[in-house]
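By written order: A, B, C, D, E and F. Residues from 1 in each chain.
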Amino acid sequence: MGTATLKKTFSHGIHPPEHKAATVESAITPLPFPPGLVIPLSQHTGAPARPIVEPKQEVARGDKIAEAGGFVSVPMHAPAKSTVAKIGLALTPSGAMTPAIFLKVDLESEQEPPPEADSAASNALTPEELVAAVQETGMVGLGGAAFPTHVKMLVPKGKRVDTVVVNGCECEPYLTTDHRVMLEASEDLFTGVRIALRATQAGCAIIGIETNKPDAIKALAKAAESDSRIRVAPVKTKYPQGAEKMLIKALLKREVPSGGLPIDVNAAVFNVATLAQLGRLLPRKQGLIERVVTVTGPGVERPGNYLVPLGTPVQFLLDHAGMKDTARQVILGGPMMGVAIASLEIPVTKGVSGILVLTDKELAQRPTKVYPCIRCGQCIQACPMFLNPSRLGLLSRKEQYAVMEERYHLNDCFECGCCAYVCPSNIPLVQYMRIAKAVNRERKTAK
Amino acid sequence: MNPDSFAFIFLQACLINNFVLSMFLGICPFLGVSGKFQTASRMGLAVIFVMLVSSTCAFWINELLEMLDAEYLRLICYIAVIASAVQLVEMFIKKFSPALFKALGIFLPLITTNCAILGLALFQTQRAYNFVQCLAFALGAGVGFTIALVIMAGLREELDLADVPSVVKGAALTLVLAGILSLAFMGFAGIGT
Amino acid sequence: MDPVALFTAGGLMLGLGLILSSVLAAANKKLHVFEDPRIDQVEEMLPGANCGACGEAGCRAFAEALVAGRVSPAQCPANEPQNIEAIAHLLGIDAGAQHKRVARLACAGGNNVAASSATYRGVATCRAATLIGGGGKSCAWGCLGFGDCMAVCPFDAIVMNRNALPIVDEDKCTACGACVDACPKNLFSLHPVDHRLWVACKNELRGAEVRRACAVACIGCGLCAKDAAEGLIAIENSLARIDYDKNELASLEAIQRCPTGAIVWLDKEKGPILGEKAIGALAERKAG
Amino acid sequence: MTQETPQVELRTSPHLQRPIRTDAIMRNVVYALIPVAAFSIYAFGLSALLLIATSTASCLLTEFLVRRLSKVENTAGDWSAVVTGILFALTLPPGLPLWIAAVGGVICIVLGKLLFGGLGYNPFNPALVGRAFLQAAFTVPMTRWAAAFAPGRFVQAIPSTLALPFMQAPEFDAWSGATPLAMWKFQQTATDMKDVMSAFMGTIEGSAGETSALVILICGAYLAVRKMMDWRIPAGMLGSVFVFSGVFYLINNANPNPLFMLCSGGLMLGAVFMATDMVTSPTTPVGVWIFGVLTGFLTVLIRLYGALPEGVMYAILLGNALTPIINALTQPKIYGAKKAKAKVEQTQ
Amino acid sequence: MAEKNLPESLDTFVKGLWRENPVFVMLLGMCPVLAVSNTVKNCIAMGLCASFVLIMSSTLVSLFRKHIPKQVRIATFIIIIATFVTIVDYVLKAISKELSDALGAFVPLIVVNCIILGRAEAYASKHNVVKSFIDAVGMGVGFTFALLCLGVVRETLGMGTIWGIPVFGANFERWSILVTAPGGFFTLGAWLLVFSWVRERGRTKAKGGAA
Amino acid sequence: MNAEAKAVPAGHIEAPSSLRMIATLGLVAMSSGFLIVSVYQLTKERIAHNERRALEKAIFEVLPDAVDRASFAVEENGFRRLEADEPFVETVYAGYGDNGALVGVAIEAKGQGYQDVIRVLYGYSPSKQCLTGMKVLQCTDTPGLGDRIREPEFRANFEGLDVRLTEDGARLLHEIETVKGGGKAKAGSTDGVSQATPDWRIDGVSGATISSRAVGDMVNASAQRMLPLIVAHLDQLKAKT
């Protein structure tokens, strides 16, 4: 099927500058192995993985080193031939210390090549077996939330998926991983889409791509012609078009109910990189051991898209890409939703799609002076969830967290940052939302 | 508009000579119960109700006293009857809607001993309103009181989220707000003439 | 004086009085809701801080619970002893034993001794900072020093010291637990005042890793455990842990050889007392 | 143990931001007000100039001093006091004694703004609080209108302008005029298209800034295009005035015609610059329309049926008073709201 | 803390004047305070009337406090108060028509003045006659004091006079807002602000002194 | 100790007997009735005297030549002599000079002012066919503004105000008009100052146009109705019956 002509989208949202030019042309290049890798056992949503290796044990590339800690959990695989140095605590982007497996990479010997694909075997699996196989790959959403992919593929009893939505929007400024993946791994992507279709037993798949990636739209639309179940839909370039709720609204005109999941409107959403990886790994019975990361920003000398072994410390990656002296802020993810990290020892994990380095100059352009909310209503007109960030911010300042949840739908905020982006008073609205959510969560568990 | 008409008496009592904002009647509950929007609107309803009750009571008491040539007992009869009527209402609410009672708290008795209620009775007598006019007056006064109360509650709830200087917080703030509201209500002067 | 008027007035008022009181009397019977008058009396004897330290939703609720016999008067830590007595007397019950408890902070890493790895910019509260990369302190467990605990303490028992570390005033603290809930790093806990031997660190890393982050952290060396009475101190997760069931065995001995000063003796008058070795090490650090 | 090398910074996402700050918005409002002020000076001469200067200085100085005395961060630099000062001056009759304007400036800032916590927290439009206060305090000087385009206006101030502080101003028969609305109200003069045109172009009497509807509209358009002002409020307010006064005009054509209603008095200035004060108007999309229509309706009501010839100020202040309630009742329906639940929430 | 050393009766009295001033601290009886405080003369008349009622009813309530059943307590109090108010109303009318016209309905409205009922309820019904009397006098004086605070400001600025005598000369531009409704609110608000500012300063000073 | 403490609640739970409640309240109410009626009787005379004096003062103010007065109730066709003033009855007051002759009639008029109702009393001299004065009885309009209708400058407008009737005596020859401050001098008489020239215009108070216009309008409305009636039944008033 061809592309639809009408530009689909959702209401509200913002148009931040894209900043994608620096890396959009750079093909994915593999990064060399660092001397040490850190594999946190909890780099996905859900239960942490359980280590199945001992210190000093030697592991081969692709070996499973930790098993899933439950159904909503995934195993970990060794990204390189190495020795287990220790199982200890490692710093995460959130600032907490969590258990991790520390690997000392065997830099001397050759790393084994990945096994050959066995499409026939994988094609023969039933949906249930397929879900189990997906779990074994250790796949999680590469779009950012790192939610175990197999969980989304398992359709619960009484529910139905009619459409698989493939998220190729990449609406975050600066990032180009999904864009490159769509261009360079379209074969794998289509394999992945078919796996998703089979696992969910959905009738069709729509690949939503923002109009600022015409080459990807063209390439995939052409490739999609061979499979009538799959089609490509251009969607308007607008942030946060890639948020699954927005994409579902744009493509299917359905609204995921408040507090609900895509499955409640018969859809399942997967990121293109997720499906491309899956299409590559599953037929090979391989685990997820590397991912594409956009390293970019004014603080980087050689921006580009790198294929990075999971567990590589950010420091190593930035050394490789060249970090300028003026660099002052390192962000995992894109500028809208990414988290600034306090230490470069933090490793690249499954959910990291980009590393953005900002310099003194950009920080100076964002003074920290905060004005009071002047109730301009800009945030209200930006919030894609139709919340009232102005009111939420004011309430949070006065610590009325319960009111925020009960009356102002705090929990529907997915922290896209549109509100804070437009706020002329420089109010850290997203931070206020996070504080409120954290306190409410704590209070609930305390009860 | 005819100054003796139902509509004019209503408008006059409700907006132009608003009991709270330009006649200074019922300031205590106005200051006390205008903190929360929900409470204020319920209190407003209670006041409208009590006003209708007491206006009716007062009208017939006055008729009776004039018949007996005992106008000098007017004040005491008004207050006694109104107070008991309201106390009855209060007991009633306490019994049948503890939640409402809790929300209005100690202010239910305040409605009884409230300038607005007695003022209503005294003014209607002074102006020699007939029964229908009394009802219009009571309704207007009650609605006017409720409007003022509800607006004030809205403003105060909003200001709970503001950085009001600590010396202003509390009654001073409410009075300043009432002053500005009263200024704004001046705009209604003369409507209907 | 006109006797007719006199008669009218007297009669009218009598009638009025009679009617009113009859109606009220009837209503009183039909509509009365009983509320124990003692609740009001008890409430008047409570401090009215509505701090919730008693575990009830405010003083009124506590008064109701007292009258209902669900709690004992001494459970309100903020009350004056004579009032507690008075309440007990009024209700004819025992005042209940009250152990003085206070809030204790498990961190000594003020900004003079603990390193920071990043500069945090944003809402200036510990809660907010924690959510962004942990707040930028090198030690992931350490106190951030924005004083959420101070702000939340209803009794002004906490002040931030020069090095942005909260100090609890034992006399003012009522163990209401507000700070325990407020601290996003979970550094506060409530302890009987006589728990004077104290480990002021939560860092679970070991040795050099810790020392990079903070000069007064517990490095898990185990010297205190060796010096203390048998079984009083154990090392768990690279941290000294005191078994307060054996609190009576505690003495100043345990802290003397601690190389960092992570284990201290909290003296009522003099405040935290460090071991000799730690004092030396810290002095050296200052000089160097 | 602070490191010598500059540390990385931790900030919250988003790490990108639109580069328009609140002070810039306020500054742009000042730019937009300059032509209005200039026209006013052109029409009323020296007196208008002195009036605007005095009131702006008074507002700014008050903000600065009060913040200084209360030992909090000084906010005088955020330009909002300047906006208040200029707008306040534009609502005053030229010829008003300067001391009254200065007192008014203090009232605007203290009573209208700082008592509530300053910028962003004031429930009522500060400039209008100031004006309403003066109107009630000094009604006579506040309802004495000077003639526009008086010869000699650039070399000589209207004598009353320079009255001694706290003293009554002399009458100024030689300079006096009457606003078209007051003429209609008190002299029962009819209004025709000629009046509409002169009100539109600004060749009439009135407050310093209520003269040329055209200039105000152009300046408002500038702000609306730069997204520093919500165009829906003036649209709602002006539209509602047009419709309601049209209805009353059709019922009884002794009432002024709707175009005259639109162009006369302070309506343009109020609708474009004062009802739009975002701090004191609703934030929700539906609420904004309700606010516009409501203030428009009140304006017509007061003008046609009230005791006073002009009602824009009172209409906006009443609208301000209702803003919290409007906001509460018009919370947007969120994405994915469950229908029944949404209803319950809205009534809260 | 000089107050601590005062004899108890004096303390009871002073308390009504300042520490528990019915208007400025307890925020009771605001209606007449706002309504009649536009001239000093009215303030004094109102203060006297209210004080008389307050003293008489407090004393009487205290006298009979043991004999009044709880359920008819309020009704009885109100009747007692209303009696004295009616008396005051007639006496005032007999003394001066102008004054009673100026105070208008606010004399009969003393009946519902929250201070009087409040004091009867909260104090007189629990204390002996002497204490209740002193308390009532204190409260009455405190009430009059509060009225005067407002009256002086409102009359001087609003009319340019005190007790009807011009103070600023003929050409004074009067702040007529002060004698109207908003002016009443603003003046009382301003006084409350002044008082809370004084109190706050006292508190910080006490803190500073202790530290 | 304990026993005593427990006794407290017990005492409270027991409800007082209804009889006692009724008795107490009845007794208190009755005593208060006696008290009030006594005070009422004692002050009645004095209050009536005050009211009468105030009324007379106002009447003599608007009828400067009068020394005595009589009240008449207004009825369908004519007047009825009132021995004592009755409330809620529309009344006019006839004023008599030294020699007992009718010098004028004082009439009350009321109407809506700026804030609330304004009540005025104005004097009418049937012989001179003009008004003789006006006094504001009640006005709650803005002090300092609307209140200025009480000032002598404004009141002077009514002294000698021309209220001639038409030939048939059915209405005023000229409606009483209120003109904007200073307008009277310009628009009215030719020489602008002469009191002798009959004028039916009232100078509004600048800054209180509404209140002053209201007074003008209410006097006009009242005069339109009352003056023809008075002229028609002048004998009744003259005869004091």
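The rule we apply is simple: a contact is a pair of C-beta atoms (placed from the backbone, for glycine too) under 8 Å apart; a residue touches a chain by one contact, two chains touch by 3 or more.
All figures in this text were calculated on a predicted structure; none of them were measured in a lab.
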item	value
Smallest number of contact steps required from chain A to reach chain F	2
Chains in simultaneous contact with chain D and chain F	B, C, E
Taking each chain's C-alpha mean as its centre, the one farthest from chain A	F
Between A-C and C-D, the pair with more C-beta contacts	A-C
Approximate Å spacing (C-alpha centroids) for the pair chain D, chain E	40
Between chain F and chain E, distance of the C-alpha-averaged centres to the nearest whole Å	32
For chain A paired with chain D, centre-to-centre distance based on mean C-alpha positions, whole Å	49
Computed distance of Cα centres, chain F from chain C, in Å	71
Residue numbers of chain D (touch at least two other chains)	8-12, 111, 117-118, 120-121, 133, 136, 139, 307
Per-residue multi-chain contacts in chain F, two or more chains	15, 21, 24-25, 28-29, 32-33, 36-37, 40, 114, 142, 144-145, 210
Contacts with 2+ other chains: residues of chain B	22, 70, 72-73, 76, 80, 84, 87, 163, 168, 173, 176, 180, 183, 186, 189-190, 193
Chains that touch, pairwise	A-B, A-C, A-D, B-C, B-D, B-E, B-F, C-D, C-E, C-F, D-E, D-F, E-F
Chain D partner contacts - residues on chain F that touch it in the complex	114, 142, 144-145, 180, 206-207, 209-210
Chain E contact footprint on chain B (complex, rising order)	21-28, 31-32, 72-73, 75-76, 79-80, 83-84, 87, 109-110, 112-115, 117-119, 122-123, 126, 166-168, 170-173, 175-176, 178-180, 182-183, 186
List of chain D residues in touch with chain A within their complex	6, 8-25, 78, 117-121, 227, 230, 278-279, 281-285, 288, 327, 331-338, 341, 345, 348
Chain F-facing residues of chain D, complex	136, 139-140, 143, 186-187, 307
Residues of chain B defined as touching chain D within the complex	37, 150-151, 154-155, 157-159, 162-165, 168, 173, 176-177, 180-181, 183-193
